[in-house]
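Both of the next two complexes hold chain A, though its partner changes from chain B to chain C.
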Partner chain A sequence: MSASAEARPQATALLTIRGASGAWAVPSSAVSSIEPCSDAPCIDVLTRLGITASAVPEAARVLVLHVAGRELRLLARGALALNEAGPDSLLPLPRALALSAPLVSHVALVDGKPSIFVVSPERLLLALGGPSSVPPPFETLPEAPSC
Partner chain B sequence: MRALVPTKIGQAWVLLDAEIIREILGSEVWLPIPGARAEMPGVIAWRGRAIPVVDLAAPFGLDRLSAGEARARTLIASVAESIVAVPVDAAREVHAFGASQLKAVSISHLPYAAAEAELFERILPVIDLRRFVTEISSGAAPELDRGGMASHVGVG
Partner chain C sequence: MLKTLTLRSIVTYAVLDLLFAPFVILAFTQLLGTGGSTDPMLTLALLTAAKVAAWATYLSYELSPWERFARTAVKGRSAELTQAADRCLQTLPLRFGIFYGFTWIATYAIGFMLVKGYGPERMPLPPQADNAVGILCAAVFFGGFAFAYPLASTLTADAASECSALARAGRYSLDRRPSSLQLRIAAVAISLGLGPMLWMVALGYIKQVESSHSQRVTQTALASSELALALETVDRARGDAGTDAVLAGFQKRNIEAFVLSAGKPSTEAGSRLLSADPDLQAWLQAEAAHGASGLRARIDLPRVVGFHRVDVERVAVAVVNTPVSASSSFVWSSIVFTILVCVWAPVCAYALGRAVSRPIGKLTAISQRIVEQGDLKEIGTVPVATNDEIGVLTERVNDVLDLMRDVSVAAHAIAKGDLRAVVDGTGELPDSFRGMLESLRGMVLQIRETAVDLASAAAEIFAASQEQEAAAASQSSAMVEISRTMDSLSESAAHVSDAVQGVLGNAERTLHNTDDMVRRIGELTGHANRIGEILEVIRDIADRSDLLALNGSLEASHAGEGGRGFALVASEMRRLAERVTASVSDVKKLVSDIRDSGSSTVMATEESKKLAEGTTDAARQITFVTQQQRSGTEQVSQSIKGIADVVSQAVSATSQTRTSAQGLKTQADRLSALVKRFELTPEVH
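After this line comes the complex of A and B, so read on.
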């Protein structure tokens, strides 16, 4: 393998949820399984993000994530799809927005346009009272550069 | 001389410093970010990075950008050590103003108006975009409490 090939950034697989309230994604590497909804408690990600759930009936499933040894169960309403995001189409959220959107780490481009926001499982865990510090390379996706 | 770009947002014309404008693009698709404040509601993609969208209509009391809506022009501005996108309805050619043509704010009541100048037979406010972005980036914007658009400012 040539040096240039070794240095080439890898594509990132995203599990995308497209519902009536919007589209969001998580890195699929953090998802261990997808389960039907049950009585077990789960986290409504959109509600945590301040998005009002649509009144439109949608298929709902539970994404089971394992983050830093903890299990997170996320409610996902809408259609699920697995997408590959190349390094040029996965952009870190600008720092200026980090205060107001602490759970969002990246935006994904579709056809060159920003279309999906990516929720960081690690930041979600921290927001839920997980470990107070997350040492690199724990983050599933690279952090935002200074902007 | 100070170079200023006449810019239209809604029905209001304001002046922005030309030295901070890096590009003027057409309409750009932007992505709302959940939880983001109205003054900085989302991002666009620009030169391989996501940059914040700054909506000047929000502090001015005009119709805010809503999801799926875009404006005809997008100013790319370098302010507060970052690059931001400012969607506007129109932007005209740069005008140079001498010191004597820039007056202290007396007519305009817009937040972040730093001076006034006459153009298009109107008195237009010069908006301090740098201070606006600095304040909203830090989570504060005390001047937003001053109120919205004055009816006589650059309407047309």
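After this line comes the complex of A and C, so read on.
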């Protein structure tokens, strides 16, 4: 399962994460599984998005994605939910914002208002070093928090 | 210089003895008719020395007790020693006077015997010399006694006074026999009278004898001359017949007369006389052969022979055969005078002694009355008869009596309370009496002032005692009230103690319940923790269910349409898991609240426990304090009761003090009244 972020699907299933600091989403098709938080390193998407993580303790999960043959483990703080996003609910990211937020592919509308950044797994992979690069099984990054 | 009485006495008597001795010896030799012959004088001088030695030895012997007394230190002079010394001093004058007189007798008796022993050729003595010496010895005895006896009294007077003073100081009596002054005067007077008189009697007697001898010598010489003259006359006129007549005439005159012719007496009587006295015959022949006349007249011989030559052949011899003798009238006169002196002297001595002793006796009687009866008024004044020593003594005694009367009158006045008495005169007694009177005045004045002060002080004490009594009574009432209050307080303390005992029980039960509660809350907390653990498991299960449901939903979404039903189930599962999670959260919150409540309860219970413990401690402390307070209160109550008793006693004592003060004031008033009886001099007032 691979989908282009730039393409405007008919309906897209999004796995939304609503935390205290903010909400973001990732196409559920990209998510292989959801695991409980463990000691394994993972990527804090909110931090990558430039949002400071809230100090409020929240339930955390690890989203396991397989993108271009690579497994990405994303840290998700907050409530997880599977939502169907229609075509009208996904707005492409304006160009100006795309430069400042390269991980985000769309902005999902909720109640008619753009409120959720949809993170593109591919961009995330690019941001992490491209599809050729094979990250070590246990990448240790400075920003990679653990649960 | 002459330190001992013995030496002083010996020297005194020796000087007097040696002073008198030459005169007596001279008089004695003259009396004996030994003339200037030195033999009797020397003999008597030696005897006098022996006499001095004899009486000196006797005097030393008699005074030896006194000398022992005098040699003994004053502290060691016992009563026995003093009495022995005084006894010898008292008896010495009479004994020594007699002994001394006898030494004179011995001296001249022995001297006479020695002189007599020389023999008639050396010392012819008349036969009457024995009598004369006998009288002379009596004379020297009395003469010696007359001055030895009073002189011994004079010499021992000071020593006897010392013994008397010592005995008076030692409060013991001396063994003195009563003696009479009159008797002593009489003895001395008789001695004084008899001594010279007997001496004169002896002298007169011997002079009578000598006169008798002189008379017969003269008679013999005259008779021989007269016979020679008569024979011359007769021869011329009448021859032998005339001679016989002349001789017969001499015979009639008691004169043996004869004519010695050619050595032969003319008469038979003459022949007998000469043949009877060969010494006379030899003397007559020898003297008649050489001299015209001669006289053989020895006083110790009964005959005095005188011769006178008539012519170449004849010698007229006259022999007076008359022994020497004193005239009988003289002897009788002497005897009479001696008797007269023996009577007269005591009478005179009695009169003299009475004149001396009577005033002294009066003074003695007065002194005795003063000492024994002390009655000065009836004694009166002792009459003064003379102006001699006794008169002066009597005057002085009268002065002393007047002084004593003045003192007595003053003492009577003082006894009656009149201190204004005045005692005149000088001397220790009036001065002391005046000093005593002055001191008495000052003392009475001080007593008077003291009595006033005492009365004032007693009044103050009385008032103070009254106030003190009232205060003590009030204090006693207050004490009784306090005692009652303390009793009530003690009962209250008992109640408080009982109540606190209840509080202590409750606190202890509370503490026990609190402990139980804490234990139960602990158990509850444990259960809550267990529930929490279970809830955690449930929450974990719910979480895992949610995760499972989420993955299910994810898989369902991956499955597309085919997984829609599964998605619904997963969704329901998720909701269920979320509800479970929410419920778990709620329950967890409740459990947390329960736990918090339990903790709070535990804390509160701990506080309660602490409070209960505090309450228990406080209750125990209160119980202890209450018991102490109760005990203290009871002790205080007892003390208060004791104080109340003491205060009650103090009330009684104060009452007694008030009574005593009242009595003291009465006594002080009496003392003041008593002292007011003493009348002081105006200036003292």
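Things worth noting here:
Quick note on the criterion: the second predicted complex is superposed on the first by the 122 of 147 C-alpha atoms of A that agree within 3 Å, B and C clash if a C-alpha of one lies under 4 Å from a C-alpha of the other, contacts with A are read in each partner's own complex, and residues count from 1 in each chain.
Basically, a residue touches a chain if its C-beta (ideal position, glycine included) is under 8 Å from a C-beta of that chain, and two chains touch if they have at least 3 such contacts.
For clarity, every value in this text was computed on a predicted model and none was experimentally measured.
Once chain A is used to superpose the two complexes, chain B occupies space next to chain C without a clash. The larger set of touched chain A residues comes from B, when the choice is between chain B and chain C. Looking at the shared chain after the overlay, A:S100 reaches chain B, while chain C stays out of its contact range. When both complexes are overlaid on chain A, the residue A:P92 reaches chain B alone and has no touch with chain C. In the superposed pair of complexes, A:S54 makes contact with neither chain B nor chain C. Applying the stated contact rule after C-alpha superposition, one finds that A:I34 touches chain C and leaves chain B untouched. Applying the stated contact rule after C-alpha superposition, one finds that A:K113 touches chain B and leaves chain C untouched.
By the touch criterion stated above, A:L15 is placed in contact with chain C alone, chain B being left untouched. With both structures placed on the common chain, the touch criterion links A:L82 to chain C but leaves chain B unconnected.
The least CA distance from chain B to chain C in the superposed model is 26 Å. No residue of chain A lies at the contact with chain B in one complex and also at the contact with chain C in the other.
Those residues of chain A lying in contact with chain B across their complex are 22, 46, 49-51, 88, 91-97, 99-104, 106-107, 109, 112-117, 147. Taken in their complex, chain C has these residues touching chain A: 543-544, 547, 550-551, 553-554, 557-558, 567, 571. Touching chain C in their complex are the following residues of chain A: 1, 13, 15, 28-29, 31, 33-36, 59, 61, 80, 82. Residues 29-37, 40, 42-45, 48-52, 82-84, 133, 136-137, 139 of chain B touch chain A in their complex.
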